[in-house]
Amino acid sequence: MHLFRVIAFYSVLYFFGTITLATENNPKVVSLNVCTDQFVMLLADDSQIISLSEISTDILSSAMAEEASKYHQNNSGAEEVYLLQPDIVFAGIYTAKATVNMLESLGIRVEKFEPASTIEQIVRNMQRTGKLLGHTERANTLVANFEARLTDLTTGINTRPRAALYYANGYTTGEKTLAGQILDLAGFSNIASEVGIHWGGTLPLELLIMSKPDVIITGTTYPGSSRSEEILKHPALKPLRHVSSTDANWVCGTPNIVKAIMDLQTIHPDKMSTK
Amino acid sequence: MNLKLTLLILLIALFFLSLSTGHTTASFSQGITALYYGDGPLGTVMRQIRLPRAILAMLVGASLGVCGAALQGYLRNPLAEPGLIGVSGSAALGAVISLQTGFATYVWMGLPIAAFSFATLAVLLLLLLAGPRGSSLTLILAGIAVSALAGAFTSLALNLSPNPYATSEIVFWLMGSLADRSFEHVWLALPFCVIGWLMIGSIGKALDALTLGEDVASSLSISLTKTKLLLVFGVASSVGAATAVCGAIGFVGLVVPHLLRPLVKGKPSTLLLVSGLGGAVMVLAADIAVRVILPDRDLKLGVLMAIIGAPLFLHLIYKTRSALQ
Amino acid sequence: MTLLTLKNLSVRRGQCPVVDNVSLEIRSHELVGLVGPNGAGKTTLLKAALGLIEHSGDSSLAALPLNERSSTAAWMPQEREINWPISVLETVALGQLLPTKNLDKNEIINDALDRTGLINYRDRISTELSGGEQARVLLARALAQNTPLILADEPIAGLDPATQLTTMKMFADMAKEGKGILISLHDLNLAATFCTKIIMLDRGRLYAIGDPAQTMTNENLEKVFNIRAYHARTDNGIICQPIEVLSHSN
C-alpha cells in the first residue's frame, strides 16, 4: 500500500514534470518585425512571447494590434533585444542588417522571414513558425482552416469587376504582390496588369482615369498631412466608385488576409448578398 | 515687333501645347473637344487634370516674373528675385506649418494666408538687412541667411509630422512641382496672386522714378513708404500663394526680367507687365518639358529652372563683380 | 515772386547743429549760389528745404503735400551716376512723371533734350554715357520737370571747363526767363560770374547774403574760407579767384 502511493506520487510528479519540462523546452522568442509579430501571436504560447516590435500595436499596420498590447514592446535595437535573452529572434529579411548581424555575432539565433506575396508563401511561413515554436500541430490546424476559408470565399465568382489599387504618390501594385493577390482572391481584376505593372509602380493619374476602373481602392491615410497623399483626394477621382479599404489586414501575409478579402467582397456583385 | 504681342501669342500657343501634353495619347483636336464637350474620362482628364495645371503654370510664372522685376527695380539690383532672397523659401515654410498644424484645413484660405504671412516677414527682414542702399553682396548674404533658416525650419516641421510621407516632401517644397494639381489649388492661389499683381502694378511709376535714387523719387512726389508697403505686400501675396500650391520655384524671377530688360530699354514699369507674360511663358514651357523629358518620374520644375538659371546667375555675378567689392 | 521761403530752418545731428537757424527767400529771376567750405551744411540745407530730412523751423516747400512737390521744385542731388540701364529719353521723361497740367509733355521733354544738346542721344542707354554726358542727362531731366524752382547740389562738380560754363550759362538763362534757381557750388569764380545772388554759409549759419560784389569780399572770404582771393571786373562779369590760404585757422 505504502509503496503504491509512493510510486503513484512519483509517477504523477514525473508526468507533470515532463509536461512542464516540455512546455519549458519550447523556445522563448522576440519578434522585430510587424509581420513576424503576428506569426508569433498566432502560434506561440503566451509564455513563449518575450517581446514584440513597437509597430505591433499600430492599428494602421498591425492586424492584431489589440492582442499585441498585452505583450512587451521592443524598439528593435540589438542592445535591448540581447538583454531580453531570447532563444530565437524572429525578423524579416529586410530588418536592419546591422541589428541582425550584431545579434548573430552575440550568439543569438535569428530566423529571417521573407514577406509573403502568395498563398503558398503564407502557408510555408506558418508551418516554419510552427516548427520553430514547437507547435507543428497548431500550425497545421491553422493552415487547414485558412485554406478552407479561402475555398469558401473564392467560389461562386462569375464576374470580375475591374479595380485599381491606388496609394500615396500614385503608386499601384500588381498581381505579384500580396495586395494584388488579395484583390484577385476577392474576385476583382487588377487594372495594373493592363498597363504592364506586375509588382509595384507609379500609375499616372491620367492613365488611371482613362482606364475607367469600376472601383478604386485607396490606402488609409496617415494622420497629419502630406502632399504624397493629396493625390488620393484629387477631384478627378470623385466621380469614380471609391472604396478606401486597404488597412492593417492588407499589410502582412498571414491568415488574417481573409478579413481583407471579406471586406472587399462587401462590394463585389456576386458575393455581397452572402454577407 | 511689339514685344507684348509676341509674348501673348507665345503664351497662348504654349497654353494649348500644355493642354495636349500628358500621359494619355489623344490627338490635339480630340483633347480640345473633350475639354468642352467630353463627358467621359478624357473630359475629366482635360478639365480636372490638364486645365488646372496649365492655368496654375501661368499664375505661378506670371507672379514670379512680375515680382522679380519689381524687386530688381526697387532694390536697383539685378540679382534680386523671390527665390534667391528667401521669399519663396519662407512662403514654403508658412505653407508647411499651416498644413501640418491643420490651420490650412480648418481656416478658410488658411494655406495662402499662412504662406503670405511668412513671405511678408521675409521681405521685411530682407529690406531691413539690405535695403535700397544695400550692395549686391549684402543682398545675397541676407538672402542666403533667410533661405537657409526657412529651409531648415521647413525640414524640421516635416520631420516632426506624424505622417511618414512628410519627410520626403521637402523635395517638393524646395524644388516645386505642378504635378497632379487641381482646381482646388487654382482657387486658393488666384485671388492672392491677382491682388499681388495689382499692388505691384500700381508702383510702376514709382519704380521708374527710383532709378534715379530715393531723393529724386521723393522730389517727384513719389511716396517711398507707400511704395515700400505695396511692394512688400504685393510680392508676399503673389509669391506666397504661388509657392503654397506649387512649392518654391527659383530663377524665374531672375532670368525673365534679365532677358527682357534690354528689350524695354530698361524701363521698370514696362518691364513689370512684360516680365509677367515672360514668366508665364517660361513656366509653361518648363512644365511641358518636364512632362516630355521624363514622363514617368515627377521631374521637379525647380531642377529644370536651376539648370537654366544657375549658369545665368553665375554670369550675372561675374558681370557685376566689380560692384561686389 | 517768392518761390521758396525758409524761416529759422535748423537741422541737428545729435547735439550738433548742422544747419543753424537759417532764413532766406528765393525769388523768380534769381540764380542763387550757395557757397561755403566743406561741412558748412550746404547739402543738408538743400535737403531740409525740400523736406527730405527732418528739420525744425519752416520751409515753404517741405510744408507742401507730397503730390504738389513735383510741380513746384526740381531737385538735382550730388549723386551724379545713373546706374540703371534706362534710355536717355526715358530718364529725361521722368521729369514729366506727373505731367504738367495743360501742356504737352512730349514737347517739354523734347525741349529739355534740345536745350542740353541731347536730341541725338535719345535712344542711347544712360549707363553707356560718359560722366559729363550723364550730367547733362540729369540736368535735362530737371528741366523737363518744368518747375518754377530748381535746387541743385554741386551740379558742375567734376565737369570739364566747357561743360561747366555751358551749364552755368543755362542756369543763368533760365533765371532770366523767370525761374528761381538755387545751386550749391565750390567754384567761387563761376559763382561770382553767373549768380545774381550769393548765400555764404559758415558752420551751418547764414554768414552773408547779397550780390557777389557785396558778399565775396576778402574780409568774408578770410573769415569763412580762410583764403584770400584776387578780384577783378571784366565784361563777362566779376572774377574772384582764390589764390592763397591764410596762416591762422579758425
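We call the chains A, B and C, going by the order they appear; numbering starts again at 1 in every chain.
One rule holds for everything that comes next: a contact is a pair of C-beta atoms (placed from the backbone, for glycine too) under 8 Å apart; a residue touches a chain by one contact, two chains touch by 3 or more.
Predicted model, so just to flag it, every value in this text is computed and none were measured.
Each chain gets a centre from its C-alpha atoms; the one nearest the centre of all protein C-alpha atoms is B. Of all chains, the one whose mean C-alpha position sits at the greatest distance from that of chain A is C.
Annotation: 44 Å between the Cα-based centres of chain B and chain C. Taking the mean of the C-alpha atoms as each chain's centre, chain A and chain C sit 89 Å apart. Centre-to-centre separation between chain A and chain B, using Cα means, comes to 47 Å. Across the complex, chain B is touched by residues 168-170, 202, 204-207, 209-212, 222-231, 234-236, 239 of chain A.
Residue ranges of chain B in contact with chain A, taken from their complex: 22-24, 40-42, 44-45, 48-50, 99-100, 102, 104-105, 161-166, 168-169, 172, 180, 182-184, 295-297.
In the complex of the two chains, the chain C residues touching chain B come out as 47, 50-52, 66-71, 73-77, 79, 82-87, 90-91, 94-95, 97-98, 123, 125, 138, 141, 145.
By the touch criterion given at the top, residues 76, 205, 208-209, 211-213, 215-216, 218-223, 261-262, 265-268 of chain B touch chain C in their complex.
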